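Same chain, two partners: chain A is paired with chain B first, then with chain C.
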Partner chain A sequence: MSGSKAQIVGVGESKYARWGKIGDVTEHALACQAIQRAVEDAGLSMDDVDGLASFAEDRNEAVFIGAELGIPRLRFGNMVWMPGGGGGCAAVANAAMAVEAGQAEVVVVYRSLCQGQFFRFGSPGMDTSGAAEPEAPTVKQADSLMIASIGFVMPYGMLMAAAAYALPTRRHMHLYGTTGDQLGMLAVTFREHASRNPRAVMGGRPMTLDDYRASPMIADPHRLFDCCLESDGACAVVVTTPERARDLAKQPVEILASEQGAPKGYGFGTFSNANVPDELYATGANEEMANRLWGKAGIGPNDVDVAQLYDHFTGCVLMQLEDYGFCKRGEGGPFIESGALSWHGGSLPTNTHGGSLSEAYIHGLNHVVEGVRSLRGESTSPVENAEVCLVTSAACVPSSAVLLGRK
Partner chain B sequence: MSGSKAQIVGVGESKYARWGKIGDVTEHALACQAIQRAVEDAGLSMDDVDGLASFAEDRNEAVFIGAELGIPRLRFGNMVWMPGGGGGCAAVANAAMAVEAGQAEVVVVYRSLCQGQFFRFGSPGMDTSGAAEPEAPTVKQADSLMIASIGFVMPYGMLMAAAAYALPTRRHMHLYGTTGDQLGMLAVTFREHASRNPRAVMGGRPMTLDDYRASPMIADPHRLFDCCLESDGACAVVVTTPERARDLAKQPVEILASEQGAPKGYGFGTFSNANVPDELYATGANEEMANRLWGKAGIGPNDVDVAQLYDHFTGCVLMQLEDYGFCKRGEGGPFIESGALSWHGGSLPTNTHGGSLSEAYIHGLNHVVEGVRSLRGESTSPVENAEVCLVTSAACVPSSAVLLGRK
Partner chain C sequence: MSERFFPDSMPPPMADATTLPWWKEAAKHRLVVQRCTSCQHTCLPPSPVCSECRSTESDWQEVSGRGEVYTFTRVHRPVAGNQELPFVIAVIALKGSGGVRMMSNVVGVKPEDVEIGMAVEVIWEDMSEELAVPRFRPVG
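Showing the complex of A and B:
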């Protein structure tokens, strides 16, 4: 592990809440709160910050946040330019590049959302229900193009992400004998992790496999508890140089390697499945990117002590376990069944915060926050002596990943 | 000059036209055309491209362009996250970082706009005149915030960029005795360069200082010919590693250094002048960023052979000449009057393509294209043996700049 890599030195978040239930606070204020807490966690002040980065078309623009927080000068304002939630790790990678290239010294990556005040992320159309300003246009051209592309499948009932991602999951079940109970065990494991995490929206709501089985079917094979939450809240991560990291408040976590990828035919995601090559269909389409990531870091899946995997839907985690080589293709189901993902003695403790299924759906940037905490020994579901953590953003669409390391 | 820096190896553009006059072609198609030409200019194929970058909320998203052009895999999709036209050079800088950090190998930076089909860039409100889909929402939340911030000054007549930028220019005149004729000479010089450039929208329309003096006053001291064009068109720039650059079609141009900056109080630009510190008021607010740029490259203004300076308004070029140290503060007027900016014997040939005032307003990415051509000896207003070119994006708002070098 090289010592010249960018480091994560601070993490923070606002309160997380069910979407629309965050209370009388703006998305902008939540962003500021998360940034302030992350900067404070690092032992830095706003005067030190000279870069801001985000993804998924965050509405809280860098220059406005900079003005609000009194950041003296911005040298880097950066947005991942891929649709959807696949950009969380890429935004961290962009921050890392900036500090490694000397374009900035302290970059804060953040994601803030009050979906109740705007529209829900996975909505296929414009939804102004509960909008603070119902007349305000909330869908821009890029979204319109995305909507246009799914216009071909919507008449057949593909009205939401839960339906789109159901198809490759169902195919995985068909090809490999994966069962609903295996998906359910994954959801139960993450809920158990959430029960130990005071930040988790679903913290006070324990779940058994029977609860899972009894939950309503949303889009076969997706039951309610296969689907991530829809949340309001914000979180932030502070990235800086190894030199600056050396004498800050917390033990720095190194960004060992990062990769981003949108394989051919996956530009539009599974929303237009016709584009997706057959060999990628029942996968998260991340295998090639994963191999680049391992190659870059000079380590492999066996070196990973803890993982925070993007969990918009249970099946997408299952497919990522195979893409990243934690088990063979088709063996994700039995791997989950073995208890591998549990913080308590599992071989690959995963989503120790509860994930998007049970902590909050902050479009996966909360997975980076938890990745840092798990290496610092600050997780509420700690993994002893964890030195390497894999964090991923999305599957089945343009995705990204980072490998984090503790010295 | 180090040999490890990213290189620009290809440039290209679509036809440029007056806004709304590009004809029966979409913005998306223009983007593809410019990218194809730039990739071809480099002697590369679409299979080589693995990154796409842009700025100013380009509507033609990376994954859609990638799908359209058959790019096999995207490893980098990146958007400068600063409002307005100040991101052209920053987008090139982001591409450079990506290839230098090994996040991608061949990144195409592009900007495409059919303002006639959407809305004009500088409009303070939503303008759907001439829109292809008048019902389509074209203003998103960030723009709404920008609009909200200028809502305080709009009632007083500050309805457009030409008015906002008039204020610091008028103050410059008051402080330093700068004259309208000096601004006019700058416009005439750029028009003369355009007259030699077959791509220039204003190529066939010569202009004298008398024509300038007779042009209508838009917002004192801005006459019509102090204001940039509003154009439709697209251009693109291909960035790669020095290794890949070595045996491509054209002589590579090295990205010596880049910087980006939004000084405190300039988050909102001059649209809300109350925020701007007095000492920055009659400047382009770029002096600090310029000094970082010179420091990083280890060269100074005297080493620059040719400059392509963002020219949304004449006064902003004048102020940049001072910010970047080509002349002392307050001496921009006499510097222009000396003929310094002319390709024909001037000490600092500037905007050899005609600039945004007379070639086209592709939000300054065409300045990077011309910067490359001027170092390759391909400019239609060539500067003999030019080795170093400064390209800037914007002034008086969040800005960026790159120094380009030929070995």
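Showing the complex of A and C:
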């Protein structure tokens, strides 16, 4: 491992709660709390921080966060273009590039979500009560590229992420015989990990495969328990240079490699693009990016000890397992069935915090936090002697990933 | 006005200058794909630039409205008031379009009977005098 790579030296989070349960603290105050805890975890002071990085759809602009936290010199304020859940790892990568290039020395990556105080991601945004007197239906003006993209499919009722990512998962089932029970086993495994994690929103709610089978259908094959949580909470990670990392409070974790990926013609992915190329449709669309990532790090999927994979929906995790080469295309279902994802004896312990399905939905930055903890030996579902951790951002949208390593 | 399948309060199309002409064709019950006049590449949604030859010149090619279900989901949560549930959102591979697919709904069949590969044809739903939305139903 080279000695010039950026390191993650601190992680922190606020309390995680169910959607709408944090109303007495603002979303940006929660971001500040997570940042302060991450900086404290690193053994640094806010006076040391000179950069802030986040990713798309962040309401908590770095300039205001920097002012509220009294950052003396904000040298780097940066946002990733990849859509919401696709950009978390890219934000870490941007922080790493900044410190490696000398643009900043200590960059904090953050995410805060208090959706009860704002528009709810993935909600129709429409009155479904039937009470409103509708005006005569007509074509409306799109006020952004994203709205024009989604607006082309809105009249068919395509407004929910649960429906959008059901489409590739349904096709995966058709092509490869993937079953609902295989998706369910994944959800049950992550819930078991959450049950060991006091931070997890669903920690006290054990789940069996029968519970999964009994959960209501949302957009088939997605049942309720195939869908990630909606949460209030914030988390943050601190990135710095190897020199600065040397004598801090905790053992540093190295960012071995990072990549972003948007295949040709992919756009926003299956949510709004019915013309995702056939060879990519029933995948997470991450395979080409994954190969770049392995090539850059000089390691392969067999070298990964623990993985934190973005889990907005169970099927999207299954397809990532294939994209990243942990199993062959079409074999994600049997791979899950083999128990591979379990912290306890699985060949690829995955989402040891419980993931977005069962810890909290913080747009996957909590997966980076858990990746660091799993390499420090601080995870509540520890993997013995873990040296390499893969962390991914959302699949089935343009995405990003990082490989973390412990020396 | 046509047979109705969805309530008036369904989300409307949101269009910009690139996609609006497609809805103007739809209002005339013409199902079209965008065709590059330079390399004949066809696509949806419409784009200001051809992704294959980067030409900015294009026209509209009418398709038959026949196709097959490429993938689908049965949605059990309403997006509009007074909506029948579940409803089917599907990706339809359009016959004779040069390989173009489009998002739509499958209607006129029990949702549990929809399957990948099902042959379908377009049926226009006039949501108002100005807006027609293409849905698909099984052929025959």
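By our rule, the second predicted complex is superposed on the first by the 383 of 407 C-alpha atoms of A that agree within 3 Å, B and C clash if a C-alpha of one lies under 4 Å from a C-alpha of the other, contacts with A are read in each partner's own complex, and residues count from 1 in each chain.
FYI, a residue touches a chain if its C-beta (ideal position, glycine included) is under 8 Å from a C-beta of that chain, and two chains touch if they have at least 3 such contacts.
Everything numeric here is computed off the predicted structure, so don't read it as measured data.
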Exercise. Once the shared chain is lined up, is A:160 touching chain B (first), chain C (second), both, or neither of them?
Worked result: second
Exercise. When the two structures are overlaid on chain A, which partner does A:338 contact: first (chain B), second (chain C), both, or neither?
Worked result: neither
For this session: Pick one for A:296: touches chain B only (first), chain C only (second), both, or neither.
Result: first
For this session: Quick one: classify A:264 as touching chain B (first), chain C (second), both or neither.
Result: both
Exercise. In the superposed arrangement, which partner chain does A:219 touch: chain B (first), chain C (second), both, or neither?
Worked result: second
For this session: Classify the contacts of A:118 with the two partner chains as first (chain B alone), second (chain C alone), both, or neither.
Result: first
Problem set entry | First (chain B), second (chain C), both or neither touched by A:77 | first
Seminar exercise, completed: chain B and chain C footprints on chain A meet at residues 126, 136-142, 145, 264-265, 275
Exercise. So in the complex, which bits of chain C are touching chain A?
Worked result: 6-16, 18-20, 22-23, 43-45, 51, 70-83, 86-87, 89, 91-92, 100-105, 116, 127-131, 133
Exercise. Mind pulling up the chain A residues that touch chain C in the complex?
Worked result: 124, 126-132, 134, 136-142, 145, 147-160, 162-163, 166-168, 170-171, 174, 216-222, 264-265, 272-275, 281
Problem set entry | Of chain B, residues touching chain A in the complex | 52-54, 57, 59, 61-64, 66-67, 70-83, 90, 93-94, 96-98, 100-103, 118, 126, 136-142, 144-145, 258-265, 267-268, 275, 288-289, 292, 296, 398
